Every structure is written in C-alpha cells, then in structure tokens.
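So, here's a batch of structures to check.
Next, two complexes with subunit A in common: one pairs it with subunit B, the other with subunit C.
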Partner chain A sequence: MANRTIPRLLQTPAVLLLLFWMLVPLSMTLFFSFIRYVLNSLRRPEWTTPSIENWRGFGNYQFVWNQDSFWLAIQNSLLIVCSILFLTVSLGVLIAVLINRTFPGRGIVRVLLISPFFVMPAVNAVLWINMILDPVLGLQGIAVNGINDFIDGMRTAPVLGGFFSLWPEFEPISFRATQTSAYAVIMMVTWQWTPFAVLIFMTSLQSEDQQQKEAAILDGAGAWNQFRFLTLPHLARPIAIVVMIQAIFHLSLYAEIEIVSRGNGNKNLPYYIGELVNNNIGAASATGIFAVILANIVAIFLLRMIGKTLME
Partner chain B sequence: MAIVAQHTKFSKIAWPVLAWVVALIFFFPIAYMVLTSFKTDADAVKPEFLFSFTPTLENYANMTDNYDYWRFARNSVITSVFATIFTLVVAIPCSYAMAFNPSRGTKDILMWMLSTKMLPAAAVLYPMIFMTKAAGLYDTHFLIVMVLSLINLPIAIWMLFTYFKDIPKDIIEAGQMDGLNTWGEVREILIPLAWGGIASTALLVFIFCWNEAYWTVRLTTTEAATLSKLIEGNRAPEGLFFGRLSAVSTAAVGPIVVLGWFCQKQLVQGLTFGAVK
Partner chain C sequence: MGQIKLNQVTKSFGDVEVIPPLDLTIEDGEFAVFVGPSGCGKSTLLRLIAGLEDCTSGDIVIDDENVTQVPPSKRGLAMVFQSYALYPHMSVRKNIAFPLRMEKMDQAEIDKKVEAAATSLNLMDYLDRKPGQLSGGQRQRVAIGRAIVRNPSAFLFDEPLSNLDAALRVGMRMEILELHAKLQTTMIYVTHDQVEAMTMADKIVVLQAGVIEQVGSPLELYRKPRNLFVAGFIGSPKMNLIGGDIAKQHGAETIGIRPEHIDVVASGGMWEGTVGVSEHLGSDTFMHVHVDGIEDSLTVRSIGDIAVKHGDKVQLTPRADEIHKFGADGLRIE
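Then we have the complex of A and B:
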C-alpha cells in the first residue's frame, strides 16, 4: 500500500464538490452581509448591485440585532426545537421500552410506528393543518362539535343533566393564528420524528446487557429501578445523539413553517431569512451568519461525540 | 431481546395491547389520509361520512387534471434517481479509499464532510439563487440533481464507510496478490461483498432526495418543480378539496413509505453516522 496516489485520487471528487458547496455560497453570504445590498430601491439604485463600494461594515448585523422580529424568530426557533426535542425523546424512550419485548404482531407494530418518518414534510404539514387541526372541517373541529352535541344532548338527561349543564360550550382552536401555529408545527414534527427516536432507542436497547438485567432481577430490583438504573444510563448516549441530530434538522425547519404560518407572525430563523431575501439581501445574509453560528454551537458537540466512536 | 421481567398474566396482555394502541395512533393520520383519498371532495368534509362512505377512485383518476400530478412526479423521479446515482458514483470510490487506505487525515476529512451537513441551508439561500440565476441553471433538473447530491453526499460517504470498514482487509490484499488493479478490486471484491450496504445507502439517499423540501421549493418554479413544491403550493385548500388533496398526497408519499419499511435498520446507521449500532 505504498502508493497513496490512487486513494487520494478517489477521494478528490467528493472533497472538491463539498469544498465548493461549503465555501463558495458561504463566502458570498459573508460578503453580502457586510455590504448594503437590496433588490429594489428607487432612491438608491446603486445598492441594487453587490459591490464593495457599498461597504456597511457591521451595519447589517446591527440592523438585524435591533429588529424585534429577529429576536422573535430566534425565540420561536428555540421554542419549537426544544419542545420537539423534549417530546420526541420522552415519547421515544417510553415507546422503545414498550415494544422492546416479544409479542404477537411486533413486526407490524414497528412498521406502523416508523411510517410517519417517511412522509414528506410538505405532505405532513398540509395533512395536519387542514385535515386534522382545522377548527371547522378537520378532525379537531369534528371532535369538538361532537363533544358539544353530546353535552347538549345530556343537559336534558334525567339524573346527569344537572352535572352536564355545568359544562361550557367548547371552542375549537385555530392553529393558523400567530399564537398557536408554533404548537401545530411542534405537533406535526413530533409526530414525524418520534418514530426516529424510537427506532434508534430500540436499536440501542437490543444491545443492552441482559445478564446484568437478570442479575438485577435476582437481586429483587423492580421494573422502575431496572429502568432507572440500567436502561436509562444505557440510553444516555443514543439520547444525546438523537437530541443533537434533531437539533440540527429542526433548526432549519422550513416547509412546515411555510405551510402552517405563512402570513402570520410565527416565524423561525430560516423562514425569517426567506422573507428578508425578497428584498434586503444584506440583512438576510447577516441573519444567515447568525444562523450558522447557532448551528455550529450544536454541531461542535455532535461532532465531538461522533468523533469518539469513529475508527473503533 | 425480550425483557426477562416477571411475566404476570396482566403484563403479558396489557403491554402488547398498549403497544398496538400506540402504533395505531401514530399510523392514524396516514390511514385517515388514505381513507379520505377515496372520498369525493363533498363527502370528505362531512362528519357523517368519517369512516363509512362510498369509495370512489375519481380523485386518483383526476390527479392529472386537478394538479398535473404526473409532471411533478416525473420531476421527482428524475431528480431523485439521478441524484442518487451521482451521489453513489462520487461516494463509493471515496469511502472505498477511506476504508481501505486510511491516512492520518481520513478521520478529519470525514468529520469535515459531516460538518458540511450542518450548514443551515437558509444561510446560503440567496447566493444559491444568485449564482444559479446568473448561470442560467435556476429551475433546471441539473441544478436540483446537483444540490440533492451535495446535501446527501456526506451521509452516503459515512454510511458506505461504515459498511466498507467491516470488510476484512485480507480479502482485498489477496485480490492484489492475484494482480487485480484498483478498478478490479472494486468490481470483483468490494461491490459483491458490500452489495447490501450499497443498496441500502442508495435507498436511503433516494428517500431523502424525494422528501427534500427546502431547495426543491426555493430553487424551482415550474420546469423542475417536484412533488414537495406541488403540495406546498396547495397548502390551504380551505376544505374544498380534501379528497383530491389526499389522493395526490397519498400518491406522493405512498411509494416512499413502503420503501422506508425496508430500510429501517439502515436508517439508524445512516442518520446517526454509525454512532448507534
């Protein structure tokens, strides 16, 4: 294996392609973030072409930093990402433990459970916001109506009528409003990504030390203690990996936000950038650099963890 | 595999039942979508026809008239297939070299490749629009194929690397003794031995390409618009078209969900970059 030329040659196309992908657009973003650059300006037509003469220094960063909508977008991004992480990990652990046993139809249960993960995000969002969460025509509206009708009917019932007449009329929730659409997004993404967490935790549970477990049972450890002191520590690493991979994916959530909350105030960082791109390229680029910094903070931890297992 | 817990009669019945209930809840939205796709648009919004209705195939028959479905589907197929092929053509030699002739830098290169995956797409949105419009590539199949390949290349290289790493080096060395050149090694030894790994990498990359919804939406208008773009464009049917929308959605996700069933295991390896086994 003295000849190193061939291996290098084989790696070159991939390295060059990714180098291009990483460096060229990002350096342009970096450049645009330091100049005044807008797509339409009647007053200052010279700003509509990218040029070093329109140098603005950190002006775009300052501009973005002082925008309330930027902070709202960050806040929203974090709310969405953190809620999804919490929900998918806790549901994922519970479900993985639940199906980590032999029972009739386990294969089918697995197939049913994993399916949401393969639904394309656009379909996921359209399906949830219209057919499930719509306050009138969706299942939510139908269910709320049904409950109201049921209560109405019971008000006149003999003994229980008094109890039911105390109940209020329920109002369906509109998930297209600014205040609620983040929750719709959280719901649909949780539905899609819980299967991913389940799958990973299940894979990991199968390598759990059974002898240790049997010893624990012989020592009289209850189900809770087994879970708390054996299973959970065993899952620590997969949990960390699920958290970080999802953080990276969900920080750049786009299709769901676009579909659920177009036209309202519930924006996350990528959506906010997408809006700025319609005109203010300088500000969009500065926001983009902020997004890169945010993603890098997460990525550094992830790379460290994966680096440890590499080459084992 | 199975928990060796104290199997009481209760736990033998209750836990499996609960597992089934959870699985059915998770599958319900998909089932509801498929069900609705067989209703007329008028029936689809009537609560009395929630589960009992006269099934019709008209939504599927009218997919072309209603949404021009097949044009978008064709674009999805073209871009996903070619992106998958191109990704593999670039990734296989690279992972092969990394797995069998690792140098001191290999680990760093792998980590760096992974880090490109973490670049938020939105940050480079405008430069991509700017460059592709300047080069006349905006809204072309070629562009979408390239972008899909680039975003999936790190995952493909990682997956293939973890598969190739498990092939014993002796076999390759034996091949070299027999006078095989590099291409011969790949053809005669690597591809036959790692066939399963290559196939599942291809499957997973294909699924990711098919479901991609950022670049395919932002870098296309009509010519190269994929199914993601089609669905995204019909985000608010106001209840009028639940039936037909369900049909087109079912047609868009059906094949991929079925493909996905076959590569659950690979998914774990591919998405965790081999860190969970």
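Then we have the complex of A and C:
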C-alpha cells in the first residue's frame, strides 16, 4: 500500500489545483445565476452583494430566455461557428491534399501557409477590417474602385463600349454594417484558423498507407474515389479533432466581434454576456450556463455528424 | 487468358539500375514464383507488371497486347499485398465489393459475387466485420477475395504469407494452390522463401540483383542448377559447395553436393570427419561434419534418427552421380 501512497500524495496538488480551477468558477457561476446580483442599484442596494437571501430561483434564466437579443446572440454564435468550421475544414482538407504532393518550394509554401496562425486575434481583426475589408481605404475599396474605373474607361471604347455601358457601377460593401458584420468575422477567423486545420490534416496525410492507395488504383479507383473512400475516412479523426477544438475556441470569440462592429449585428453569446456583466451579474451567469449547455450540444451534434458521414 | 511477356524491360530509380534488361515469359495458367534474396528486385518486377511502377524501357505484353502504357486498373490484373492493404474503414463485404463498385456493377450482381467469393473463402461469418477485427489469416483471405471477384487474367502475390505464423502459412499455401487448381488462372507469386517456391511453383524464376539467374520447374532447378548462385539458393538445407583440391580432382573449380546425397558409411568412406552440431528432427538428422581439407563444415542429411553426438568420427561418401561441377565463371559444367 505504501508504494501507492507516495504517488497519490505527489498527485494531490495537481488534482486539487485542477478541481479548484474548474469547480470554483463553475459553482460560483451556478450560484450567481440563481440569485439577484447586480453591480449597481440605487433602488435595491441589498442586491449589490451576492447573498443567498437574494434567491431568485430560475428567475434569471426566465429573464434571459425572454430576451430577443439572447436568441439573436445564439443565432449569431451558431452562424459564426458553423460557417467557420465548414470553411476551415473544407479549405484545410483541400490545401492539405494539394501540398501533400512533392513540388519545388514546398517547404516555403508550408511555412507561409502556417503563418496566419501566429497572428494575434485582435491584430488579425484590425488588419482585416481596416486594411482589407474597408470600403474606402481597404483592398476591397481599392479593388471595387479599380473595377469601376476600368468599366468607366471601357464605356467609350469602340466595339465593346456598348457591352460595358450595360454594366452597373459596383458598390463596395461595408463590413461594419448590421447585415454584414458577422461575415467579416467569419472571413477573418477562417483565414486565421485554416492553417491550423491544414497542419493537422497534413500530418495525418503523411501517415496514410500507400499500399492501400495502390490496391485502390488496381481496383480501378480514380483520384476522386481514392479521396472519397480512403483519404476522407482516414481524415475523419483529425477532422473531428479540428472541429472539436475550433468549436470550443470560436464559441468564445470576442476580440473580433468587438473590433469589427462592437457587437452591432454580430453579437454572439460571449459578447452578450459581456454586455450583461456591465451590471446584471445574475443574468450574465444564467447566460453563461446556457452557453455551456449550447457548447455541449454543438460538440455532440457535430461529432455525431462527422462520425456518421465519413466513416464508411 | 493470361500470358505475360516481358521484353527487354529495365527499371532505374534515379541513377540506380535495379532491373537490367530482362526477358521473361509466363504462360497462361502457370503458377510462377519469383524468388531471390532480399532487395533483388522481386517486388519491383511485380509492380512493373502491375503497372504501379513505370518501365524505364522495354515492353510488357499481356495476351498479345502491349500494356506498357496502359494504366494499372485496365490491365486486368489483381494484386495481393504483403500488408494485405485492406481498406480499414470498410467492412469485409465492402472491401470485397470495392473493385466491383468501381466498375459500377449493379448492386444485385455485386452481392451475388461477394457472397460467392466469401463462401469459397470461408468468410461468410465475417462479412460485417472491419479488417481490424480479423486475424492475419482471415485478412489474407479477404485480400484474396477482393482479388478473385474482379475475375482477373492473372493474380500477383507479393509475399502474401510472410506476416503469418508458420502453421498458418502452410495452410494458406495449400489454399492458394487449391485456388489455382480451381481457377486455372495465371499466378505470379513473390517470395524470398525457397521452400515456398519449391512447393508451390510450376515455374521458378530465380533473381539476383535484378538479373534472372535461372528459370525452370522446381525439380529442374534442384537437379541442374545453372550456376553457383542457384545451386546455393535452391534446396534446404543448402548444397555443400567445395573448392580447392577436391574440386580440382573432379575437373572443376567448385563442386556441389546436396546434404541428402552424402551417405554415412561404416567404413571405407571417401572422407572422414568429426561431427560438430547435429540437429535431430526425428524424421531426419542434419549433421555438420568437419572434414580435413574442406574449409566449411559439410552438412549431411540422413534419413531417420541416427545416434551421433558432438565429437564423433564418421565416414562419408558422396554419391558420385549427384555431384554438381562448376567452372571458374560459376557456371555449371556438364
């Protein structure tokens, strides 16, 4: 028995730390979500201290549930997370398969491909929204202007002039607007996280069995069928990992939302919680618990889907 | 049909010529075995025939059609790999059905063929398992099943049994031979195990460093090895090769005598020697005998169990008509 005790003792600090780390915030959140707790109230000063006296039961949950903005936030969260997952996984598989062949300059291409992952999220957001997507000063504005100028110039050209005068003037899109700000977030995060997917898929592709490929070639499978029946099932596990990790990360996006439009049109759950935290801690905690539940549902649902479709 | 002809085929990887110009014909329905030491180019040759490697030069002709430029799937060959190369995510049923599915055959037909193949290979109980849940022998049978359903004009086997344990290997060897007897299809079988080659082949192709040393039936190779390499390679235990004065007496640079062609006599033997290690197998006894004037110990095979032990003196006589003579160039002298 003694030989068991020492390892146990040595593990204890780590286990305690982990328990503390996980359990304390979770139980505090749970506790706050069941009481009335605000930071600031002139009318009811007793609500400004967290106390069991202010028990509210499921009142906070009910309050949040009945807010339209809560449902909008959930909708945005799902839209943003699912689009990013879909785009990064498809692009990741595509790029990984392409650069898995040997070609001159492969080393450099790989390093370049990975580099977006090392940009800080906030910097990434600032770069994208100001330098690329800005309708006036960004690449987008310049490109749209360029196209408009070109069309304008061509209107007076001989033969083709008639054709070009039928073209409308293009309008640059403002990505800070309510209708489009979620797409800006999707674009910039996809750009940043595709390298992560590529990296994971690439390592997995290198362990693919070449004899299986050759057997498939002899069996008459073309490039597409080899991809569909061998490579894709082989990638199922790494895809599941990428989806899992990204789902967790992107459900808690914050910097990008803040920088693109301060939550205008692209408010997700964390941002919504952030707004509530300005005063109503109770409601914010209830939303937090909803977010935990949502994250679990999303994760389970996505993993099931991947398991079903990819594993033949 | 399935006659396979190689005309002046060569293969180089970069600057290294693995197969120098090579000619070979394998007749329809023949069971041909490529045998040779590791790295001699057996697999490469098989992969050239399958189309998985391109010939550097030369032609491959299957049934009078030049297939050198034809893609692997159109050559009508099926291959069984050493590592089985089953598709790990598919059930046994789907594995066997895969080539048919790629041919876009209709489902009813596929089911019929898969069932037929599975029945003949005793796989009916495992159709819904994944390859990972099968034993080595069962996996090998699935790989063979996947080859059979395509109805190929020839089967290519690349060391299919080397991952199996000894007992299973003997069993599978019989199964493959049964299959060959039943289908009467050309089979090319690669192995580095000369016992496998001897027991299975209609025709053995002995390779060394990409060069064909000899082609012939097992008994031809056993009785009349064309050169020293084949003499040393074919036969188990190995032929005794003796140089020096003893060979000179026979008018050769080297003479070879198989262990089973040396008799232990009571007295008046040609050679006298001291027994080193002796292996008692029950049915046979292998003795390693040190004889003065012969550098390596002689291996002697006697039928039955003879009571000899380390250090005993024995008298040996080789059977005169079973002595193989080789010249300075290593070639056989008749």
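Things to note:
Definition applied: the second predicted complex is superposed on the first by the 287 of 312 C-alpha atoms of A that agree within 3 Å, B and C clash if a C-alpha of one lies under 4 Å from a C-alpha of the other, contacts with A are read in each partner's own complex, and residues count from 1 in each chain.
The working rule: contacts are C-beta pairs under 8 Å (C-beta built on N, C-alpha and C of every residue); 3 or more make two chains touch, one makes a residue touch a chain.
Predicted, not measured: the structure shown is a model, and the values here were computed from it.
Once chain A of one complex is fitted onto chain A of the other, the partner contacts of A:Thr5 are absent, as it touches neither subunit B nor subunit C.
Of the two partner chains, subunit B and subunit C are each touched by A:Ile217.
In the superposition on chain A, A:Asp209 makes contact with subunit C only, while subunit B stays out of contact range.
Of the two partner chains, neither subunit B nor subunit C is touched by A:Asn66. Which of subunit B and subunit C touches more residues of subunit A: that partner is B. By the document's definition of touching, of the two partners only subunit B reaches A:Val24; subunit C does not. Contacts of subunit A with subunit B, set against its contacts with subunit C after fitting on chain A, overlap at residues 214, 217, 311. The touching residues of subunit A, counted against subunit B in their complex, run 1, 4, 6-8, 10-11, 13-15, 17-18, 21-22, 24-26, 28-29, 32, 95, 98-106, 108-123, 125-132, 134, 136-137, 139, 142, 145-146, 191, 194-196, 199-200, 203-204, 206-207, 210, 213-214, 217, 223, 226, 237-238, 241, 245, 248, 251-252, 254-255, 258-259, 262, 269-270, 273-274, 277, 281, 284-285, 288-289, 291-292, 294-296, 298-299, 302-303, 305-307, 309-311.
Taken in their complex, subunit C has these residues touching subunit A: 50-52, 71-73, 77-79, 81-83, 85-90, 94, 98-99, 102-103, 146, 150. Residues 1-6, 15-16, 18-20, 22-24, 26-27, 29-30, 32-33, 36, 45, 47, 50, 90-91, 93-94, 96-98, 100-103, 107, 109-131, 149-150, 153-154, 157, 182, 207, 210-211, 213-214, 217-218, 227-229, 231-232, 234-237, 239, 242, 245-246, 249, 252-253, 256-257, 259-261, 264-265, 267-268, 271-277 of subunit B touch subunit A in their complex. By the touch criterion given at the top, residues 209, 211-212, 214-221, 225, 229-230, 233-234, 236, 311-312 of subunit A touch subunit C in their complex.
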